[in-house]
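In the two complexes below, subunit A is the common chain; its partner is subunit B in one and subunit C in the other.
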Partner chain A sequence: MTAHTAAPHMAARDMEAPGVRIRDLTVVYKTPSGELPAVRGVDIALAPGTITGVVGESGSGKSTLALSLLNAVQPPGRIAAGSVEIDGLGDVLTLRGEDLRRARGRQVGYVFQAAQNSLNPLKTIGKQLLDLGRSHDVEDLRALVRDAKDLLARMGMDGARVLDSYQHELSGGMRQRVGIMLALVLNAKVVVLDEPTTALDMITQATILRIIREVHEERALTTLVITHDVGAVAEVADSLAVMYGGRVVEHGPVTEVLGDARHPYTQGLIRAIPRLTGDLSLARALPGRPPTLGTLPKQGCVFRERCERRMDVCETDEPMSVNRDGRTVACHATDRHLTLVKRKEFV
Partner chain B sequence: MTHAVPGRPRVGAIARKVGGHLVRGLAMIWVVATISFVIIREIPGNPVLGQYESLIQKGMSPEQAERATAVLYGFLPTGNLWEQYVGYMGSLLHLDLGRSLSTPGVEVTTLIGHAARWTVLPVLAGTLLSFLLGVTMGVYAAIKRSGKLGDMLALSGSLLHGVPVYVIGLLLTAIFATLWPIMPSGGPVDVEFVPGFNAGYIGSLVHHAVLPVVTYTLASYGGWILAMKSNVVAVLGDDFILAAELRGLRRGFVFRYLARNAILPLFTILALSIGMLFGGSIFIEQIFNYPGLGLLLVNSISSRDYALMGGTFLVITVGIVVANIAADLLYTVIDPRVRSGGAA
Partner chain C sequence: MITGTGITKIFKQRGGVLGAREVPALRGVDFAIAKGGAASFIGESGSGKTTLGRIIAGLETHDAGEIVIDGVPMSPLSHRARQPYFRRVQLIHQDPYSALNPTRTIHQTLEAPLRLRAKQTGRPRSWVDGRAEELLAMVGIDPGYVLPRYPHQLSGGMRQRVVIARALTMDPEVLVADEAVSMIDVSLRLGILALLKDLRERLGVGVLFITHDIATARYVGDDGELYVLYRGQVVERGATEKIIADPVHPYTQSLLSAIPVLHGLERPGAERVVPREMQREGLPDGGCLFARRCPFSTERCESEMPVLGRDGGPGTETEQEHACFHPERRGVIPVGVGE
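And now, the complex of A and B:
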């Protein structure tokens, strides 16, 4: 193990951001009525150096997807199929034991939701940082502390003071920044943020999003942001994946997906956002309820129950993900519509 | 990380906290002493006056009877209640608890001191042993909770928790002193040994202490294992454990995070159990014929030895008050959230 690499911002420019390719990922949860899929056949690639946002309602499988990147799906869940390839690391899902432990933290950083307490309440942040360093055989712990202070200062905090604090002495926004620091201090190049702005006030949300964007660029990271807040994603992400019922139903560059949504679910999501100006009643909620593991349809399209464009084929056949000009959509109706448009142009 | 940060406890703050505890503790002890004084004076049959009158009936002069009663109870039976109270409190300040009735002429403090020897060590050993055992097994029961081992451990805890201490004691005596007599059936030590620091005497002491200590350990083990198991399960569900794993912390670190957070609430119970120790364990001392504080208390009640009763109660009170203070101060040391005063 080499010692800790020196100044983080210098290292960033030299190193290429790694790409991440998730292929055919299926995660099932054991329930009384058998194993049910929380994530099913997800194919998604995180381009090196980009921020990918994943949005979806509660229970859409987005957190399970995030945990899969660290091969950390908690029982009763189990990764049933697929692979998660990270450049320089290989397939994370084949890692076991010590190899997996070393990859976590050093190669892939994970940032918890701020409102959740991701820090040991009985130890100062500094001591937890040292535990982290020792766990990853960092020889120069002084340099590690220096890096941590730099990172915290970078995020607008007094590093020395924060390291000497206990979790309960920090606010939600401060804890979130400490979480980001702990995910980055070992120079992880792939960072997963699970609901990074949930339960924070608006101003702190904006600060955290700005920090994510800045640190991402400075350190040349490949970042995955999980959220249910479409607004947050719009602000920070380069590309956007929309999840529903364990499936990625639409994926593409964030401006295109939000500006010209093709999947009926994405369209519904965007219509449901209340505008800052204009009538509040213009925001229309999607009819129906999001599916749970138990109510997911066994065949056909997972969204058809709430879809205004459902067709007969949606009852029986699951729509395939179709890639068209850099955008992926899994919908029979969209597929047919676009095909028709193409044909007309052709004729 | 060496420099001081505002919000850390300073010596002054700690001294103030300890001072506050001491004042409250003394007030508590004073209240209990007052109540026990009033009860002894006011219960039907008034033992103090009864003693005084029975001495006169035995042919003593009123002055002699008064003096004799004063010696027994530590306060004068005559005069108004207030004067007597002041006298009683005065002798308490000199740690004078009066003289025993059932063992005439012997000071209560001496009796309690003798009995404490037979209570404190075995009960302390039992408490600490059951704590260590219960906590360790509780961690295993929680981690292996979906397996057979976890089920067995939890079951053992529930069963032992439900069985009364005297049943365990009687069973152990029946098995190890009667059926398969490898242990003495009772008493604190064999009389043939000369008391002192010699191998025979110490060996006999330990031999006699085994069954009481084991009984005490088994009786309280169930509570510890169940409490620890539920604490560990709760902490396992906390996000910082998963977060620690996702940061790639070594298993040893994760385990320490888990154990320290889970054991924290148990320290209060442990401190209180150690405080309760001065009440002795009535059943165990009765079964094993151990002349400890529990037996002393029972005997003082049955022989209406009110001075001894009051003294024993007072010792129990002091024990619990001190344990409470100790528990509170212990928390200040081990839990940073308590240290800085209030959760965020």
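And now, the complex of A and C:
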């Protein structure tokens, strides 16, 4: 398994994984009631060579955040403020036209949500690979095909057969791997995976998560995984960012965030995950429902309506992100109880 | 009480140069759902779990076997005579977004079946509105808010509750919930699962719970039975908590091993069963259906098909039933930190 990766990716491995810094990112969508923020003031750094997981429910802004990394937010959406700095590339949000097109695929690989359905049904995988190569002016297309075969073999597939196949001849898990291959074959060092395991069977999901982890390490990537599934992130990520209502409400090392969540939303979310072990009576759904663009409160904390630790200040002031010992939390209540008592009121 | 014995379904694929091909979707499945009980069917896509749900709901025919509802075997009855029986089984779909008519308010959605029900049971028309409110309250939503609204004005969780309320209009004996929470936001899933469990206790309605996510089965029927389906065959069956805690079939163990570990809250189990991956899955002739993928298969598994039972050879009798020649306990599920 490990043998075929050695030669072609030596060069890739020598290169340092790039860091990514998203600063004060705000993305708005035009609606009948004015421009509303789907992502608001998000600050998040992806440390070089790590996998960051972004977890959020519908309407949390996680997919919009991911698209911003490609500067690919489509109208009626618009990136209103902020920057996305990628080492060796600069601020992606200032790139335009050809420069932007080249960066996509070359520097930033993207595995789309439902990658299973993002392939062209009329062309073989190999043809689509060659199209990709030509559109990026790859001179040695033979080498590209060789790299693609190596990558597919690395993911446990028969490369030659897959390249000769149409998408309908491949299973969901195989298509997902083809999506990952296409995102990596131009040697992108930053990879974004949007819901990589949705709609896959359990065993296939475990295989894909293992592959993401292994390929990430072997190719020295900086990876962002966007998902609604806390379990998938727990399995694969180094750090975990939790999004709610367009904000990152908590961010930190994955074991710490799961083992000792500080934001009431994270705590509630973890308590709401159906698990194989543990007391059934302690598990509870969060009250209320996730906000949509239209129901987001104009001021104050976006989570307060569902929060059991709501205070007066939450109605009026939006909590700032506070960074303490490598963890970021945006919550008035957490802020206070951290300085006063350590985890007393929360049983 | 609904029981099924030897339920078999074969899909015939037409066309192709070699003519028709037969694809077995269910291979002699036995099951029973008691009043207020829970039976959870676990399996991956292609395991036959959805087909089974549709057969039990009367939406699909089967090729062999017998379904008995309230002591009445269905096969001798005409299609028409079966209808009142199958009306007692209501299906809850996976997708609450497409299960409701977008041009009807929730009031209209509930009114139509309730009128029918009023007619069947000789109740006055005035009963309908009160019953609609009662049912919505029962599924945990505010009737005043929901009744005048259209489906698009409701969240996924609310829509799924409306779908459940609509199923309850027929006073069903059994609810068939097919992946009923897979499209619901994570923070709300537990609410729907708890509702199904609550309905079992309050109304005595049985739940046939179909899912690929084993953990969710605990929240609907930890006291019920779990059936693990692989390619149309039940490969392990027993008390839900027992099988989750102590599975013996390598396929069940593979499924449980595949569930992500919540690092920080859990530690991975001591062992992990990873099935072999097939480029093209061929089935052995007459052998165990899982043999080609099973990391523990032997020659016997390739040539002989194991049947569901308790015996795994001398000294290895298990509490649950399994279809494996080499059942063995393996610690595959994660352990809670601090447990």
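Everything below uses one rule, namely that the second predicted complex is superposed on the first by the 324 of 347 C-alpha atoms of A that agree within 3 Å, B and C clash if a C-alpha of one lies under 4 Å from a C-alpha of the other, contacts with A are read in each partner's own complex, and residues count from 1 in each chain.
Quick note on the criterion: a contact is a pair of C-beta atoms (placed from the backbone, for glycine too) under 8 Å apart; a residue touches a chain by one contact, two chains touch by 3 or more.
Everything numeric in this text was worked out from a predicted model, so none of it was measured.
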item	value
Subunit C versus subunit B on the shared subunit A, clash or fit after superposition	fit
Contacts of A:106 with subunit B and subunit C, given as first, second, both or neither	first
Angular separation of subunit B and subunit C about subunit A, which is computed from CA centres of the superposed model and rounded to the nearest 10 °	70
First (subunit B), second (subunit C), both or neither touched by A:58	second
Partner chain in contact with A:276 - subunit B first, subunit C second, else both or neither	second
Subunit B versus subunit C as contact partner of A:182, first or second or both or neither	first
A:258 touches, of subunit B and subunit C: first, second, both or neither?	second
Partner chain in contact with A:202 - subunit B first, subunit C second, else both or neither	second
Least C-alpha distance (whole Å) that remains between subunit C and subunit B when both complexes are overlaid	7
Footprint overlap on subunit A, comparing subunit B with subunit C	161
Subunit B partner contacts - residues on subunit A that touch it in the complex	70, 72, 74, 101-106, 109-110, 112, 116-124, 126, 131-132, 134-136, 145, 160-161, 163-171, 179, 182-183
Of all residues in subunit A, those that touch subunit C in their complex	57-58, 156-158, 161, 172, 201-207, 209, 228-232, 234-235, 254-260, 268-270, 272-278, 280, 283-286, 289-290
Touch list for subunit C against partner subunit A, complex	44-45, 155-158, 185-194, 212-216, 218-219, 222, 244, 254-266, 274-275, 277, 279, 333-337, 339
Subunit B residues within the subunit A interface of the complex	1, 3, 5, 7, 238-240, 242-250, 253, 257, 260-261, 264, 334-337, 340, 343-344
